[in-house]
Amino acid sequence: MERKRLLSARGITKQYPGTLALDRIDLDIYAGEVLGLIGENGAGKSTLMKILIGAETASGGTMEAHGQKYAPRNPIEAGRMGVGMVFQEQSLILNLTVAQNIFIGEEKPFVKHGLVDRARMNQSARKVLDAMEMQGIAPGARVNRLDFASRQMVEIAKVFHAVSSCQAEGTVILLDEPTSVLSEAEIRQLFRHIRRLCEGGNAVLFVSHKLDEVMAISDRICVFKDGCKAAEMPNDNVSESQLYQLMVGRTASGEYYQVQRQRTPDAEVVLELKSLCQRGFFGDIDLALHRGEIIGICGVVGSGKEDLCAVVCGDRNPTDGRMVVRGKARAFRGPHEALRSGILSVPRERRVEGIISEMPVFENICLSNYRAVRRHRLISTRMAKEQARRFVAELSIKVAGVSQLLGHLSGGNAQKVVFARVLASDADILLLDHPTRGVDVGAKAEIYGIIRDIVDRGKSVILLADTLDEAIGLSNRIVVMKDGLVTRVLEAPSGHKPEQLDIVQHMM
Amino acid sequence: MKRMSKLVALVLVTCTLLSCAAAAAQAEPLTVAVSMRSTASEYHMQYVAGAQAFVDSLPAGTAEVQILACEGNDDKQINDINAVIAAKGDNMILFVDPNNAPNITAIAEACEEAGVYWCSAWNTPEGIYPTSYKYWVSHQACDAVKQGYDIAVTLFNALPTPGKGKICVMEGMLANSANTYRMQGLQQALAEYPDIEVLDDQAGDWATAKALTIAENWLAKYDQIDGIWCACDDMAVGVVQALKAKGLNGKVPVTGVDGTSAAIEMVGTGDLVCTIANNGWLQGGYGVAYAYAAKTGKISTDTMDLTHRMFYTNGYLVTKETLPDYVKNFVDSTPVYDYNNLDFPIAKAMDLVK
Amino acid sequence: MDQQARSSRIGLEFAQEMKRQSQRERFVSWAPLAVLALLVLLFSLTAEGFFSLKNLQNVLNQVSIPLVMSMGMTFVILMGSTDLSAEGLGGFVGSVTALMVLNSKTTLDMGFLAVVIAMVASVLVSALSGLMHIKGKLPSFMVSYAVSNIMAGFAVLAYRGEPALIRDPFFTVLAQGDFLGIPYLTFIALGVFGVSYVLQTRTRFGSYVMAIGDNEAIARNIGINIDRTKLKVFLWLGVCIGLVGFMGAVRIGRGEVAIGSNVVFPAITAVVVGGTSLSGGKGGVVHSLLGAFIVTVINNALVLLGVSPYVQQAVQGIIIIVAVALSIQHGKSLIVK
Amino acid sequence: MPKNPSFWRRITARRETLTRYLSLVTTVLLMVVFGLIRSSFLGPRNIVNILKDLSPVMVMACGEAFVLLLGSIDLSIGAIASCSAVLLTVLLPVMGPWAYAVVLGYGVLTGLLNGFLHTRLGVPSFIATLSTQAIWQSCAYLISGGQPLTMLPPVWPYVNWGKIIFLEAVPLLFLVALAVLVAYAFINRLTAVGRVVTATGANERAAWLMGCNVRRSKMLAFLCSGLGAAIGGILFAIKLKSGIPTVGTQYTMLAIAAAVLGGVSMTGGKGAIALTLLGAMLITVIQNGMNVIGVNGLWQQIIFGSLLLAAIYLNSDKSHKGLIVK
């Protein structure tokens, strides 16, 4: 049977300053299939999705949808061509009903005398939901009354409806990590919906970190690695280990991570977590961080590593267990108290959490520790600028001047400013949450150097790495987490780095 | 550059606007400043009309009236007066109804310093009197205590059983001098009429809408209200409106003070039992006339007697009986006075509290 | 396997946690009703004459103006803005309406047309101040403050110190008449509530306002014309302010600038006490209805209780703080402005 | 179109400086206009007037600016000022100069109460301060017994310093207000808690994660606001030689307007306390100037509102296209 090609991409390339995020990707999506997309963090999956949906434009390559040229400039245009995406962050308006959410922006057919015919809208929504076997969801229910799984379903229904109404002849739905907030039963339900969707001549591009799920649902599987398509195969007789092999990316040379600079940690334990637990997120975490040690925590999204990080840096409260910092049990009312104990985090969402864009570089650097730039208990702008200049030179940050607003810097330089702030803070237990996210290759290497410097100064690091490779390359020890629990702890001394495969198996 | 040109354009517009508004001020006649609470108040605008009447009695072009409305803001009242003094120097006279009595102190100091002759009405703090100043020519008032007393007595006698019954009290704005004095008058009257019971006492802030709400609440709460003592006409309008909704207007007597046109009308229809017209025309006109006389040297604060420096003017108690007379003199015709006769407005001398 | 058991326990806990969170949200959204019920109970026990048919009619009467004002304000606050222009604009509408119907000052007798003209003026002014906020990117709080000043000035200028008394019998009846003991004005207010409810739940406009308040970026992505929706909100606000001015004028029987004073902050309080968040996207007109009743009941009961006018404000303030503190979410890293 | 990013950066930077001093330009231009219409506007006597009138609103505005920098709002400052004025008038005859200390203490207390309600109970500042405003207004009535109080000659020695004028043009009152402004600007610029106020307003989440003590800074902001309002109240009392329980009511909005005109953004994180001087100056100059040149009283409110609107327009920051303004 000749399958209908709904979407095809040829030679898609995406060049970010300093990094090649996607390298000549070819991809075809056929009607009636689920295409699974797997790959490590940073392998280029999300970049490809963004290009497919029109949130970003490719630097090179062409796309076709339904045999026509396809170059969407935004998600709305993509929708008109029959491509829709369910984003990881939910985009429902909580205070509106399910039906209103499904038809938002598309209410015209229901408007009579200026009023929306709610009954008819609910009926249509009912049809949309029924078509996806979502009988349990009432179209008239307010979204904030629904649980998260149902919200996710509604989101899928909404996207599907929006897209299929524009392009009846088969639509492509992109699902980005749709299962991260769902329970097992809900996931099974979701899969049934996906299957039905595809039986109707549509296609789904399913992206997930969870290998078992991808294998359970996909017809074909595409493996991404370092911005390239490493393999594409039908999902029959594929074994997990085979996929692991393929996913495991380029192992950068030890020099890239400056493994030769890896030091043996001291015996002194600076931070000890004793059966630390946050209800619903992670449990029974026991961990000891030594002076001068880098511990890499690996796990997929939703494994609880971010939540653990948030608890340790004082952003959230643990429900149980103890944190012992340099021999003293501590409980933090906020990151400021954690900082007093010498714990500071480099958050993942730099623009939102890590920097204050409206403030100049020198001010950002001294925000975590004003004591260093005070004279007679008052901040000396001169000293702050001097300190900033010192760091700018030391970390080779490219700025027009230390008074430049931080918001005007590029990702890598902004991240270096964050590191400058961390260095200036005198904190000695650092939680680095994806410290190289959105940073180009050159700057990455420099940041690795900075991390080595930090450790050389006798500080300790907990690292949530951007890629497995990075975690292995930098860490002394690797803790693997899955579903809120530690599944494996691996030693990673400079000579005997563990294999990525070893880790991946315990992650997924 | 676009911004700058916008700015320039804006400034030009402002210039024209302001210079138009101030065009009249280009010649230098004597400024007759009238400072009061609000241009929105009918009674206060009577001051302005009175002052204008006085100015009209002078040769054309001699003087002009400038209104300073502080909109209930004490600090602004002082600031406005200072601004005019700074602009006109001593080429001005001033008539002030202080928003609150204490303002007098600061005004007196400013005028004394600048040599501006001025008169005041209504409120002055205890111990601060014109007699201690050279440029503060006179202070006049309707006797607010007496007003409170008079309307109270009129009210008590208008009750179904004269001198006996349950009344509600609608105060003006708390912390306001006029209100305080009128309340004192009410207390005096209550002392003389032991059979009057005060059911409730609320503050209507001189505002019609608030008085309306309070009166509605009273009507819901109390089965029997025999009368409502109300500290000013604006609030009385609200009270009567609440009574109307229950069909009780004219049956429950209400009082007011100030003599606004609305109140006069309601006295006619019987909704209001009485009001006291303060006669702002007289107050404003003679207030300005005294200052002008001192300024032109016709009188001197060194030689004036106590009676002329602090006196009560006559209010006009408007009841159903006196209404025709009042309408004839004040509504159908604007009162014109002989501003050369400075004895005319004096009802009696004020007693100084030592 | 032990590992498996523990990890499924965490999954279970996660589900429980999420459920608890949505339960909490549900509870919070009902809190205003609980507060109102509690207040009514409390005042019925303590305030003589509070729990009576007469006073119920009275409360219904007094709620009319705050209700209409808060209906307009709800949409503004749902978008995350604030508007103070009713202070002057309401006074202006009341003043000019009184001058244009059969009245004591002018010879005009335009009847209902006068109301229409005044309302149109109100809508225009509100749209203008809305445009300055939307297109000029100026904070609505400041723009509306300035506009309020200007319109108050025009109001005073219109009647020059002597407010016009309304003589038109139609409006007098409107102000004082009642049906089933409920004043006509209350029916108007309830009508405005009905229209607002329809606007919020039955029109695209309502959905878009929610979307903008929830997350302006998402709204833009969906393809909603944000500026146009915002402008419509200000048009509706203009209608409500116009009605407030008109109702205020007929209630007190004359047109003065003071009609607009003391309507804005009580309305904002009503909206917030009702559970609509000042940062937008949460709540709605039904909440504001409850809020308007809460504010009115407090006012009414404090007078009935004979609480000294000196401390009434303070008591009211304390009750409102407690009511709001009870009905909002708490959290360590929750951002409240 | 020049593509060079640094070119655009330079342009934006220049626009920022321009915006920053636009209220100065506006003020100066307005003063020139008023001065041209009536030269006595710029005479020493009127300069003294302007500086004196400016003082209380400036003190209140720079306290308010602290809270606005957080992105919050404080609506209670007017009532706090009123209550302070009353308190001072009541206490001066009893305690002499110590009354000043008590009133300042009261100001700190009010600020802490606001801060507590906002940070601990999580009540939005708009509602929290609207409610405390009602509370302090009631207190002002209760303390004064509902009457405007006059300072009688025996206590004048304690308040007559308010009449001292240096060089025939600079009143001591203004210098006091200026000292407060400078102190506040210093706290904001040169202390950690002060900088964190700005950081919190700009990006609260980031400031929190950076280990800044966000709560303490919020407390500080409200404390400064309360204290500023109390000092404002003291200045009112001295200027008027009286304690009037409603004296500050209308200054809440004027102070907010002054802070905004000084360039403080209402969404927080942007603005300098010191520039509040310009905002307060602008407002005072408009009000004073209209009287000096003799604008008809009936038109004053209209012209004031229009000029205010124009000033807000000129001072608004339009550098970001996608800016969401509430």
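A, B, C and D are the chain letters, set down in written order, and residue numbers restart from 1 in every chain.
Assume a residue touches a chain if its C-beta (ideal position, glycine included) is under 8 Å from a C-beta of that chain, and two chains touch if they have at least 3 such contacts.
If you're wondering where the values come from, they're calculated on a predicted model, not measured in any experiment.
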Ask   = Steps needed, at minimum, to get from chain C to chain D via touching chains?
value = 1
Note = Contact-pair count is greater, between B-D and B-C, for B-D
Key: Far-end chain from chain C, centres as C-alpha averages   = A
Chain A and chain B, separation of their C-alpha mean positions in angstrom = 71
Message = Report the inter-centroid distance (CA atoms only) between chain B and chain C in whole Å.
response = 35
Message = Using mean CA coordinates as chain centres, what's the gap between chain B and chain D in Å?
response = 32
Message = I'd like to verify one number: the distance from the centre of chain A to the centre of chain C, where each centre is the average of its C-alpha atoms, in whole angstrom.
response = 42
Query = Where does chain A touch two or more other chains at once, residue-wise?
reply = 315, 334
Request  = Please list all residues of chain C that touch 2 or more other chains.
outcome  = 156, 160, 310, 333
Message = Which positions in chain D are in touch with at least two other chains?
response = 141, 146, 205, 208, 298-301, 303, 306
Note = Each pair of chains that touches is included here, namely A-C, A-D, B-C, B-D, C-D
Task = Going by the contact rule at the top, pick out the chain B residues touching chain C in the complex.
result = 38-42, 44-45, 48, 171, 174, 200-203, 207-210, 212-214, 216-222, 234, 237-238, 241, 244-245, 260-262, 265
Query = In the complex formed with chain C, which residues of chain A make contact?
reply = 74-76, 91, 93-96, 100, 104-105, 107, 111, 114-116, 118, 144-148, 181, 183-184, 279-284, 304, 315-317, 333-334, 482-485, 487
Request  = Provide the residue numbers of chain A that touch chain D in the complex, in ascending order.
outcome  = 313, 315, 334-336, 338-339, 344-345, 347, 352-359, 363, 367-368, 370, 374, 377-381, 400, 404, 408, 421, 425, 427
Residues of chain C that touch chain A when the two form their complex = 3, 6-11, 13-19, 22, 25-26, 198, 201-204, 207-208, 210-211, 213-215, 218, 221-224, 281-284, 332-333
Message = Which stretch or stretches of chain D touch chain B in the complex?
response = 15, 18, 22, 25-26, 29-30, 33-34, 36-38, 40-41, 43, 45-46, 48-49, 52-53, 56, 140-141, 144, 146-153, 163, 236, 239-247, 249-251, 284, 287-301, 303, 306-307, 310, 314
